[in-house]
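Below: a set of structures, written as structure tokens.
Across the two complexes that follow, chain A remains constant while its partner is chain B and subsequently chain C.
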Partner chain A sequence: MEEMKEIIRAYVVKEYVEDDTEVGFDTPLISGGIVDSFSMVSLKRFLENRYGISIPDDKATPEAFDSVNKICALVQEYLH
Partner chain B sequence: MSHIGSYDERIKNFSWKISEDELGYKKGDPINIGWYCTDRICQLGKGDKLALIWEGAAGAEKWFTYNDIRIVTNTIGHFLRSLGIKNEDRVCLFMDKIPELYLGFLGVLKIGAIAQPLFSAFGDESLFIRLENAQTKAIITQRKHAPKVRKILDKMPYLEHIILVDHDPAKPLQPREIAFDLERAPKVEQLEIFPTYAESPSVLHYTSGTTGQPKGVKHVHYSLISQYLTTKWVLDLHDNDIYWCTADPGWVTGTSYGIIGAFSTGTTQCVLDSGFSADNWYRFIEKHKITVWYSAPTAIRSLMKAGNGVVKKYDLSSLRHLASVGEPLNPEAVIWSEKVFGRPFLDTYWQTETGCIVISNFPGMKIKPGSMGKTVPGIIATVVDTETCEPFRDSGKIGLIAVKPGWPSMMRTYWNNEETYQKKFRNGWYLPGDRSSIDSEGYFWFVGRDDDVINTGGHLVSPFEVESALLEHPAVAESAVVSKPDFVSMEVVKAFITLKPGYTAGKELDLEIMNFVRKKLSPLAMPQEIEFVDSLPKTRSGKIMRRILHAKEWGEEIGDTSTLEDD
Partner chain C sequence: MAFSTKTRGIYQDVLKGIQEAGLFKQERFIHSAQAADIEVEFPTGSSLKKVINICANNYLGLSSHPEVVKAARQGLDTHGYGMSSVRFICGTQDIHRKLEKMVSAFLGTEETILFPSCMDANAGVFEAVLTKDDVMISDRLVHASIIDGIRLCSAMHDTYKHSDMEHLESKLQLHNDKRLKMVITDGVFSMDGDTAKLDKMADLCDKYDALLFCDDSHASGFIGKTGRGTHEKYGVMAKMDIITTTFGKGLGGASGGCVSGRRELVEMCRQKARPYLFSNTIAPPVVAGVIKVLEILSATTERRDKLEKNTEFWRKGLTEAGLIIKEGDTPIVPVMLFNAKLSQDVSTDLYNEGIYAIGFFFPVVPQGQARIRTQISAGHEIHHLEKALDAFRKVGKKYNILGKTKQEIIDRYGM
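== the complex of A and B ==
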């Protein structure tokens, strides 16, 4: 779980952060304006590719993607 | 009682002088939108009235009275002047929905410069194309967006100043950068307002077309006349209303009705600068007791998707008038809003080039869910035959929406592109590029675009721009971009791609290309789906036939394929 958090955090920073904004595990990503709703599609695609899962569209909500911790919890649901 | 009262009476007795008289404007007088939105409201004795309640992502709040925004816009104008910014210089506003965006816009106008707002999610390529076209002299931005400007700085010798509104003093400024801290800058009580006149340029908004680069739509200060009146008659803003326009001022709704309309009517408006979530939006309405809400179908459908349960958690009884813009509002959304909010969202129709609402549903009018409503008083609009450009005599026929030129906020030209501007007119009509019909009662019914431009979440995306960006990716040999249907955004971008030898289609490449376009252009332009194909349908002369791919996505008849390449 810790490794997953670090992987997702590193991906978010690499792909969506332009400046030196720090991203913690609980940093609001969607409501905080770091990842916009259109870009959520690419983040979802990354998670599906990386973890070999399929996240239903109705589960990929702004709330479920709003922090690294919440994303990890969502991924966990579909890992098994 | 609504401001418009009887629609039929307004149509009969209409004159733009109604607006001019209310604003105290006489032909030939100076007219400056920045002054009308701040100083004038203070002169009317409303200096202590709240103008702007801003809420940021972390719950931070800033409140400004009309006297505050008068002084702040003076301060910004003074600062820009001190940098040598003169009238008609282009000043880009490249920020999130922070107070500096709203007030910077008015500060730019006060000194007679041209405000060029750009959506802060634009990537460096999108930004460069628009700054290059306008030969922008200064850009006001935040440190989070500054890296995109720095990346293209060497290509922009005309860009003299990069103004950072949230510079971290612990870090050195880069070349051409200067810090401006709104809260620490010495307040400027009196500013000499530049005497702009009716035809002085005010705002340059960029919009996408099917072909060619984005076009800079030039508006003038006289646009205020129709923006003010439509704010009153369509959005029905009264003195005690609390207004929320959810649009980003990087786009025209956010300036015409999120800045100019709201402030010129002396309204108290709220701004929420954080990402979308149903809970957060409803909480915001409840907290600030929003009464008039102007939003977009994409947002409304996202709220529908979130379900009715979340609505019940909040007291939304303050809402009294709802309106929508950006794309056609589907009947289900109108019916849904009536059910959950007790009132329908009223659809409004207009575009960057029109500068103000031109077709709309009005307070008190019979609402036909799915219809755009009727012509705004003062606007002459109809539907014309696609070939002859003559208005239809019979109702129900599908043709092109056509508007008679001459209303105050009609665009004056495309910046450095008069030729394309002239092509928007035929047979004495301005053609917005949309298809529609009119029923026997005068209601317009939207059918679709008359070109390949993609309307995703109310934002126009040029397939040409996305295709050009795709071709810059090393793996892409050819590309064709079309829209595909989407429940929330109405349309999203889909790309068909053929690969260069040595590259293999797969999930990793798919994601890489998506992110490539997102960073280069914007998240809106990023293909939500990529289909790798062996070849693209082309005419015998080699032109890619987008319409065949479009028809496939929308389940439509493919039509004439006689010119299709044999292979």
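== the complex of A and C ==
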């Protein structure tokens, strides 16, 4: 779980952060303006490819993607 | 009465909020034709003031060119004022088709379709040519009209960091399983004045079998050796799949736009693009004016060459004055002030000196990136630019920003 969090955090920073904003596990990503809703699609696809899962579109909501912790919980749900 | 006191109050509160946030846009009334020298009523009700305009998209100085005005007048006489119909019912004249063919020849594309504006072209094109099985990959700084068009399209949408080719390639790899991929960019970015790396983008599109889309509204008529646009500058004239552009900027400045590119894609727009199907096309006098503009620009590069010289003079002058500008070679030259209030104060002082230039700040540009966006024209003479430089020096001295670094300006005025 900790490894997954680090992987997702690293992806978010590399993909979306263009200044020195720090991203913690609970940092609001969508509501905090770090990830715009347009760009969520690449995050969803990254998770699906990396973990071999399929997240239904109606589950990939801005709320479910709003922090590293929430994203991890979502991925866990579809891993089993 | 549906518009009750309660309803009115809701809107009044929203408008008050916009005003309190300093985001309320006020228009200045110009009493003369669009040109380098204009007469402006500002504030509303005040006497007219003669100022030099350095914030118009009138890049080639054709907005009030006598030959263009004459051609538009003749078009009015021969083809009337309006069409009272959409294109596919009874709204297509010989001159509409003539202009489409001329635009294709000018841009070096297979086919062209006219739209009421480039905003409409961008609103309609994606939905017409892509489906939910496809993906659109756009630069994060594309124009608002492209963003609106993307929102209207069912295809998946992803973005890449501004002009970051490595990031774009990673996105093309990520979405390689899609039926069609389209890479979407502006040719010249309107706020920074930088250009898309279309040569590298075309290579990536070849490598990953992706379509290449470029909105060249701030380029058509003057970027590239013969003014064909950003694709000419980067030597990829034959590689563009879709170009959208406007006739409301360099190409006469009136109105109208188009989608130009591969024959099948243009035909898809003719069959399916909703702004094309459900609104009248460009009015006959404007069509006649744009035809004259393209005749002028096809006969000589004199105007774009003059614009290039003016731009060099202006960029050099601002730099030597000690102001910070965004690097580049386009006629969009942002003078960086970083602080929002400073950008408004400098704009006001410039106006008092007889120079009309507007300050932009968040959310139009990123936080801490406030600026005066200046736009040079072939309609400017050197004396216009010298006077404007004098004003920038005087105002810059007043605010003590000449020769200062970005950090020094931020330390003094804040972000």
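What we mean here is this: the second predicted complex is superposed on the first by the 80 of 80 C-alpha atoms of A that agree within 3 Å, B and C clash if a C-alpha of one lies under 4 Å from a C-alpha of the other, contacts with A are read in each partner's own complex, and residues count from 1 in each chain.
What we mean here is this: a residue touches a chain if its C-beta (ideal position, glycine included) is under 8 Å from a C-beta of that chain, and two chains touch if they have at least 3 such contacts.
Please read these numbers as outputs of a predicted model, since none were measured by experiment.
After superposition onto chain A, the partners chain B and chain C occupy overlapping space and clash.
Put simply, more of the residues of chain A are touched by B, taking chain B and chain C as the two choices.
Touch criterion met: A:18 reaches chain B and chain C at once. Contacts of A:56 after superposition on the shared chain: neither chain B nor chain C is touched.
When both complexes are overlaid on chain A, the residue A:66 reaches chain B alone and has no touch with chain C. In the overlay built on the shared chain, the residue A:39 is in contact with chain B and with chain C. By the touch criterion defined above, A:28 lies against chain B but remains apart from chain C after alignment on the C-alpha atoms of chain A. After superposing the two complexes on chain A, the stretch of chain C that clashes with chain B is 169-177, out of 97-105, 169-177, 223-231 or 295-303.
On chain A, the surface patch touched by chain B in one complex and by chain C in the other comprises residues 18, 36, 38-39, 41-42, 45-46, 49.
By the touch rule above, chain B contacts chain A in their complex via residues 57-58, 96, 121, 143-148, 273-277, 279-280, 302, 305-306, 456-457, 507-508, 510-511, 514-515, 518, 523-524, 526, 528.
The part of chain C that touches chain A in the complex is made up of residues 147, 150, 156-159, 161, 171, 174-175.
Across the interface of their complex, chain C is touched by residues 18, 36, 38-39, 41-42, 45-46, 49 of chain A.
Interface of chain A with chain B (complex): residues 15, 18-19, 21, 28-33, 35-39, 41-42, 45-46, 48-49, 58, 61-63, 66.
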